[in-house]
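My structure is below; once you've seen it, I'll send some questions.
Each chain gets a letter, A, B, C, D, E and F, in the order it is written, and its residues are counted from 1.
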Amino acid sequence: MNLGVFINDYKSTVETVDRLKADKLGFIFVQNGVFHTTLKEHGKSSPLLDKTTNLYVLAEDIATRGLTEADVDKRVKVVTYSDVVDLIFNDYEKLAWL
Amino acid sequence: MSNVTCAFIIQRPPYKSETSTLGFTHAISWQVVEMLLDEGQNVVPTVCFVGEGVLNLYTNQKAMENYGVTSIESHGKNSLLVDLDMLVCKEDLERFGIPEDRLLDAEDMGADKKLQIVPYAEIQKAMESCKHLLFF
Amino acid sequence: MGTLTIGCFASLVGSKSLDFTLKLANAAADKGHKVNLWLSGNATVMGKNHQKHLKDYSTGEKPTMELLKKGVEICECEACALARGIQKPDAIEGIQWNAMHWYLAKIYNSDRVLHVGGE
Amino acid sequence: MGTLTIGCFASLVGSKSLDFTLKLANAAADKGHKVNLWLSGNATVMGKNHQKHLKDYSTGEKPTMELLKKGVEICECEACALARGIQKPDAIEGIQWNAMHWYLAKIYNSDRVLHVGGE
Amino acid sequence: MNLGVFINDYKSTVETVDRLKADKLGFIFVQNGVFHTTLKEHGKSSPLLDKTTNLYVLAEDIATRGLTEADVDKRVKVVTYSDVVDLIFNDYEKLAWL
Amino acid sequence: MSNVTCAFIIQRPPYKSETSTLGFTHAISWQVVEMLLDEGQNVVPTVCFVGEGVLNLYTNQKAMENYGVTSIESHGKNSLLVDLDMLVCKEDLERFGIPEDRLLDAEDMGADKKLQIVPYAEIQKAMESCKHLLFF
């Protein structure tokens, strides 16, 4: 399956994301999930960034938190709400909000 | 006859946020969805319990007695009664040390269905074979 | 063009999940997609009219009216609203009130479903 | 006998934190302690009158009336309520409306403070 | 200081509890915090139970979840709302809700 | 003159739940609490940031532009302006790799106070010396 996962938290009490398997897996970081793309906790980037190469972060949610594109890990593409709509309809038949 | 299948994944503990209760009630509503659809159409949820979600399934919950609200157990029983498939992650039950005989059942209400305790791989399969995923 | 159904449980004020939902619905509608929006749980407070827009708080009334104008169908869970003391006359005009099977029925005819659930 | 001030941010329906708060306030009042209760954030929805008690949902109106009768002072954050579309005439009678300094002022004269905060 | 901490979740996104120090520390497990007193994850009881000997769990919140006193770790005292009021006024001058 | 001191511990991230915003606004209200108290009485909060709470303190937050709500940065600046002591856990800033020059400041508004970046031990001391603790 093609699965697009919205990651909306930095720390989460659910471990579901670690278990998900998909033929094509995409992570769309929104809300406090964006910190996965900007923080290097103890000098290391978030392990989620190693799970797939399809990585996106919502521009408005970066800026809201005082972050800039320069803070975002190079592997992650910065996208708008409009881009997210296209990802939903063109790339991911199933969606998850975690 | 054309059914749309959905996997409802319940992954949060009971009685904290309303989330797991809403997962059950939304799934149970499949019973009446035909009213709003054309002949032969239906939406069929499979309810899956993973992580802390399995903590919703204890039998003998006293929510009505203590807090005046319908217990989640009662929602679970109703879910079985309306013939929902309910898959419970075996690994997570084992991890938390919850024996099967502590889990809810709707035999007393005459339900044919029972909780199905399955390896996580089965839940993954349910997610793959459904059309839509809803995480609660 | 496709059909997207979004369900949301999150409260409007405090959580930004409902803000996200409204903006995503708006972006999808602007691109010509059909959008359905289901509000349940604390999200039903968003369907209350006369929300005062204080600068510290998100407000749902205005964006909701815009979505309705763009043809987005919005429905809220009647039981969830009643339990919060919100009654039919308090509802924003144009928002439907129904039970959970409304959501499942919309899912039936949807290409994509995004369920913004747990808090 | 002492004075306990409890602040609560949690929504009534869905979270059990506000149920906990009401029960704790009740138990303390029954033992003769003075109790103050401050409702802010989503907890202000509890101050709305005409909550329908459906079996699936916690309800705040009845326990609140009982607490008021026992002399518990209850106050809710006016801005938080207004932002949620709740206006003065919608408030349960006997619940005060004020701003956050009400809470701090009660804290001044309290022996114990329990702040039921984050969600 | 004498600090009474209400633990209201089983998994938490805040690590504050691990850092708290107090001359007298008490944990009062309520809501889903009660699972700390009943579950043995991977066969081990919750590490919180090793942090202090002043451990309490709210009876109503155990029963609500389908658990019984027999499920509760022997180190933990089962208490009522009324007992919690006494703990607050008699034992802990400062309180935390985590 | 008799003050009651409180430690407000902000430990959750911004813009998720309302919690950290409410932490600020409750602290700021100390400005007017005298109205409800007798002469010479006051309540004085010290606001402490630990864990993900430090993520509230970035400068240049665009919440008004993007979501039409007052930014948490703006609440932080107002907190400094009303002379609140604001202690930020040094270890947590280091853990997340956040340099000090990314943090908010209210110099432009003429505030005398600045964020005080301190070891966690100082925050522990603030918790010990206050009369009441409030965790947000």
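A few notes on this one:
Basically, a contact is a pair of C-beta atoms (placed from the backbone, for glycine too) under 8 Å apart; a residue touches a chain by one contact, two chains touch by 3 or more.
Since we're looking at a predicted model, the values are computed, not measured.
Annotation of chain A and chain E: jointly contacted by B, F, touch as defined at the top. In summary, the chains found to touch both chain A and chain D are B, C, E, F. Between the interfaces A-F and D-F, more contacting C-beta pairs are found at D-F. The centroid of the Cα atoms in chain B and the matching centroid in chain D are 33 Å apart. Work out the mean CA point of chain A and of chain C, and you get 24 Å between them. Between the CA-based centres of chain C and chain E the separation comes to 38 Å, rounded to the whole angstrom. Our note on geometry: chain B versus chain E, Cα centroid distance of 29 Å, whole angstroms.
In chain B, the positions touching at least two other chains are 11-12, 15-19, 25, 52, 67, 132-133, 135. Residue positions 13-14, 16, 41-42, 56-57, 59, 112-113, 115, 117-119 of chain D are each in touch with at least two other chains.
Touching of two or more other chains is recorded for residues 9, 11, 13-14, 31, 60, 95, 97 of chain A. Interfaces, counted as pairs of touching chains, are A-B, A-C, A-E, A-F, B-C, B-D, B-E, C-D, C-F, D-E, D-F, E-F. Against chain B, the residues of chain A that register as touching in their complex are 1, 3, 13-16, 19, 21, 94-98. Against chain D, in their complex, chain F makes its touches with residues 4, 6, 11-12, 17-19, 22-23, 25-26, 28-33, 35-37, 41-43, 45, 132-136.
The touching residues of chain B, when paired with chain D in their complex, are 15-19, 21, 25, 64, 67-70.
Listed in rising order, the residues of chain A touching chain E in the complex are 9, 11-13. The residues of chain F lying in touch with chain A in their complex are 13-16, 52, 55, 58-63, 65-67, 71, 73, 95-98, 102.
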